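One chain, subunit A, links the two complexes that follow: it is found with subunit B in the first and with subunit C in the second.
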Partner chain A sequence: MAETVRVKPAAHSALRLSPVTLLRVAIVLTLLACWELLAASGWLYRDVVPSLLAIGGAVYELLSHGEYYFNLGVTAGEIGVALLIGGTGGLLVGLALGANRFLSKAFESYLYYLGPTPKIIFFPIMIMWFGVGPGSKVAMGTISCFFPIVLSVAAGMRQIDKVLIRVGKSFRAGTWQMVMKIYLPAMRHPIINGVRLGLGVALIGTLLAETKLSNKGIGFLIIQAYSLFDMPRMYAMLIVLFVLSIGANALVGRLGGLDSIKRF
Partner chain B sequence: MNTLAIARIHRAAPLIGLLVVVVFIVLIEFLIRIGIVNRFIVPPPSEIIGSFKRVIVEEDIIHRFFVTATECLTAGVMLTVFGVAGGVLLHRFKLLQQATETWIAAMASAPTVLMYPLFLVIFGRSAWTMIMMGFVAALPPVILKTLEGLSSTRRVLIDVGRSFNLTPTQQFWKILFPAAMPTIFVGIRLGLIFALINIVGVEFLINFGGLGALINDLAERYDLAGTYASICFVILVSVLFFMGLEKVERWLRPFE
Partner chain C sequence: MPISPSTADRAAPSRRTADAILTVGNIDMRFETPDGTLVAVDDVSFTVAPGEFLSVIGPSGCGKSTLFNVIGGLLGGYQGRVTVAGETITGPHASIGMVFQEESTFPWRTVTDNVAFPLELIGMPKQKRIERARHFIRLVGLDGFENRYPGELSGGMRQRVSLARTLASEPKILLMDEPFAALDEQTRLLLGDKVLQIQQDLKQTTLLITHNITEAVQMSDRILVMTYRPGKVKRIVDIDLPRPRTSEIVGSEAFGRYVAQIWADLREEASRGMQDDESRALHPGGARP
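The block that comes next holds the complex of A and B.
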């Protein structure tokens, strides 16, 4: 009997939702209801706002076909290669700029101001240099992610505790040992943050390039759905893409011990 | 090397940086002229500089600049109104803030610009597609920075307001809002940068509107020197825009 009395309140509290969760559920339900009403009302052009059932069906259709996974693999591969090239380049240049005040004063302002320019405008040049295949998409991803990573690494390098550097020097560590034992471990957070920002913009750069000119990849599928005016499929692809990109962003942050998904 | 000499070298660093860029451009020109770099892939820098006048006069770049600037300005006004209002609303209702702040941060990290085909369907091939794209993509930073600014108002300032028995409205307009203004402007600056990037990007992708569409036009005509010149022009405009915004931000935060 005493056992039952102890268990009951615990089960009760587990079922009781917090006001925040309740509000979240209410917001989601209201939005879904408004959407469904709008879809049924016919106020907008037919199919611009498809019913939730149609979108749900399109998501199921999308995820149950191998074609989507093939194209997802192509885009993921392009982004992965872009992140590898842009990330490695950004890390090396960032380390050089962070370690050397002269180099930083000479070149960092160019990178700082070039960083936020719209990268997609370089796409015609990338097509000329790397062709219409995956090469130009990888190049777009690379130049997109290079800038946030280099600026983040350079800033992180300057913020390293001077004591740690003095400890390394007092142990007569060589340049390689300093990089591997002092700089990189001390800069874990700025590097992860740079990679997280880089991943976001590499994803955008690669996918936008795919929507402009390609015959495979998620960007191609999105623009194909637009050309065919298959709106439920387009919504389905955007929903899946948003979930994947927000998840990837949060995952990179978690791996680096960062607890938010902010990008600035 | 003594400290004075090192300081002198460091002072000359920006000039040396510029010199390196100039030498790099001259080297590219040389490599193209001797045939190592294909001039049909990379036009000589002299040709690019020469085509600036042609692009400005024949392609009506000034008009295109104003088209893009108007789109950015419209998106900027909408961002300021709705973004700041959103931030104030979340600050006023804590429960709403707790429920939605993570969602807004998640939206900031999502590739919103990929929704441009959807916006094309909704708004058609018009300036509103670009404006709404810039607005939606840049809204989260303005909301979050407004919220951050209002939430980080120093306790002592709030207490001063209370000691003067200010009403909640007076407390907001006399204490909270002025104290949060610099951080709100950081949000608006970020928002405007995101808006510009997205607007030029969508102009390029859908070949409609101002500067982005010009790059696409010239690239499709295979006018290589013109394409490079227009890209340089867009970069120049973007950089000047960021520098201007930074100046305003420094003016708002003179002691930081």
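The block that comes next holds the complex of A and C.
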């Protein structure tokens, strides 16, 4: 039969570095070298650009104290709850907007206006409603991640291949079966993408709120380090945070199976 | 013309009505379009006997898919009546299984899980439905690919997955809307043979929509030729050729006569369709002739 199976590309050897990887490593090394030169030159106050050694020491210091983990846990918990509430809300509202032309015409343009608005302007209101503790941070994270999720879900629902819906109907799938077995899996890409974007902005919203007014969390520690002018500690926290958010993003991608091409 | 195959007059009541498994009675389907009302299906009636293979043939846009969707219960707002074993349909019927023209496998499910889909919907236990699915996968000749995803298969293999999925629901009536249209010629021929063989083995009542005359003559017991706009039944042709329809029969004179007769019917309609397309291209937005 004139049918061939697509050949899988050969897996890259783990040891051989691709040119892209080499370039990335080179860029990072160059940046680090420039930083160290700047630190050694004394052009800026020594404390503003601490040496890499000092930052490394601060990272070690940071990671060997329970206080940091407690505050990390607070922030992670806030973001997690925000993503749960904002994600569920975004998914439900997105499904409704995607399914109903009337609702989408009536409300979707507001979402497009509100989406890019900096959510920090709502922070005073959230403090009044939920207090200075984690509640207002969760609220900030929630309203931040709601928008990208609702918009990608609504758009994703409209892009579902219509024939798949006809298949479900012709096999007499019920509403719940249609949602669970056709709509949601067919929308896996836009949903994962929405959650990724949502995670990013929930992180921003929560941390920004913490740096403004709070009594715990990573944002609080960063601002504390800044006000004590403990620059190595502040940079150390930024670095750890950076690594963590890359990890979280990769995790979301992996959970959705974005890496395994064959399923998609 | 030296053509003598027996043709059934569409106005005359079919001799098959009594034991028909499917009756399509005076179906009318209109669409409101910006240029006015479009009569897609106009007073179409026919019946199908158990185990029969009926092809519906007609130029593109004549209303074949619309008719298919009405019979499959996916389209409302028509006039007339479709009954399955005497029961008037009001929506998708459990006895009717559809295979669509478009790519319709679920890309997130393996071949097995695709084929097991209708069984999953009725709550069949996992072990049992996987066994059933394997049976139909073998039937369409896809053994060895059970755990592959559709993205790893060729177009012809994916269409076989769709066929196996519909067969797994064990429909009394199989409806196929140009299932091979998107495939290359060789794959199309081989897949046609496969479908015919399965149809004969299972004594599966089958409606095939196609615009390929040779395919229709080779496979069918009867061929329904549709007119172009409005979509009416032009003629129903009985194909009195022995089975199995080997390559010898396909090469025979009788076969050629059927093809010629249907082409003569179809040619008129197809050229009307082409003129219609051309005039619409020349006068976009103008009134429909």
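Following the convention adopted for this analysis, the second predicted complex is superposed on the first by the 232 of 264 C-alpha atoms of A that agree within 3 Å, B and C clash if a C-alpha of one lies under 4 Å from a C-alpha of the other, contacts with A are read in each partner's own complex, and residues count from 1 in each chain.
The rule we apply is simple: a contact is a pair of C-beta atoms (placed from the backbone, for glycine too) under 8 Å apart; a residue touches a chain by one contact, two chains touch by 3 or more.
Predicted, not measured: the structure shown is a model, and the values here were computed from it.
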{"item": "First (subunit B), second (subunit C), both or neither touched by A:Leu164", "value": "second"}
{"item": "Dominant contact partner of subunit A by residue count, subunit C or subunit B", "value": "B"}
{"item": "Subunit B versus subunit C as contact partner of A:Leu203, first or second or both or neither", "value": "first"}
{"item": "First (subunit B), second (subunit C), both or neither touched by A:Trp176", "value": "neither"}
{"item": "First (subunit B), second (subunit C), both or neither touched by A:Phe102", "value": "first"}
{"item": "Touched partner set for A:Met234, first subunit B, second subunit C, both or neither", "value": "first"}
{"item": "Subunit B and subunit C footprints on subunit A, overlapping residues", "value": "261-264"}
{"item": "Interfacial residue positions of subunit A with respect to subunit B in the complex", "value": "19-20, 23-24, 27, 44, 48, 101-103, 105-107, 109-110, 113-114, 116-118, 120-125, 127-129, 200, 203-204, 207-208, 211-212, 219, 222-223, 225-226, 229, 231, 234-235, 238, 241-242, 245-246, 249-250, 260-264"}
{"item": "Of all residues in subunit A, those that touch subunit C in their complex", "value": "1-6, 161, 163-164, 166-167, 169-173, 177, 181-182, 185-186, 188, 261-264"}
{"item": "Touch list for subunit B against partner subunit A, complex", "value": "9-10, 13-14, 16-17, 20-21, 41-42, 95-96, 98-100, 102, 105-106, 108-111, 113-118, 120-122, 141, 144, 190, 193, 196-198, 200-201, 204-205, 212, 215-216, 219, 224, 227-228, 231, 234-235, 238-239, 242-243"}
{"item": "Residues of subunit C that touch subunit A when the two form their complex", "value": "72-74, 91-92, 94, 96-98, 100, 102-104, 106-109, 117-118, 120-121, 148-149, 151-157, 169, 184, 186-187, 190"}
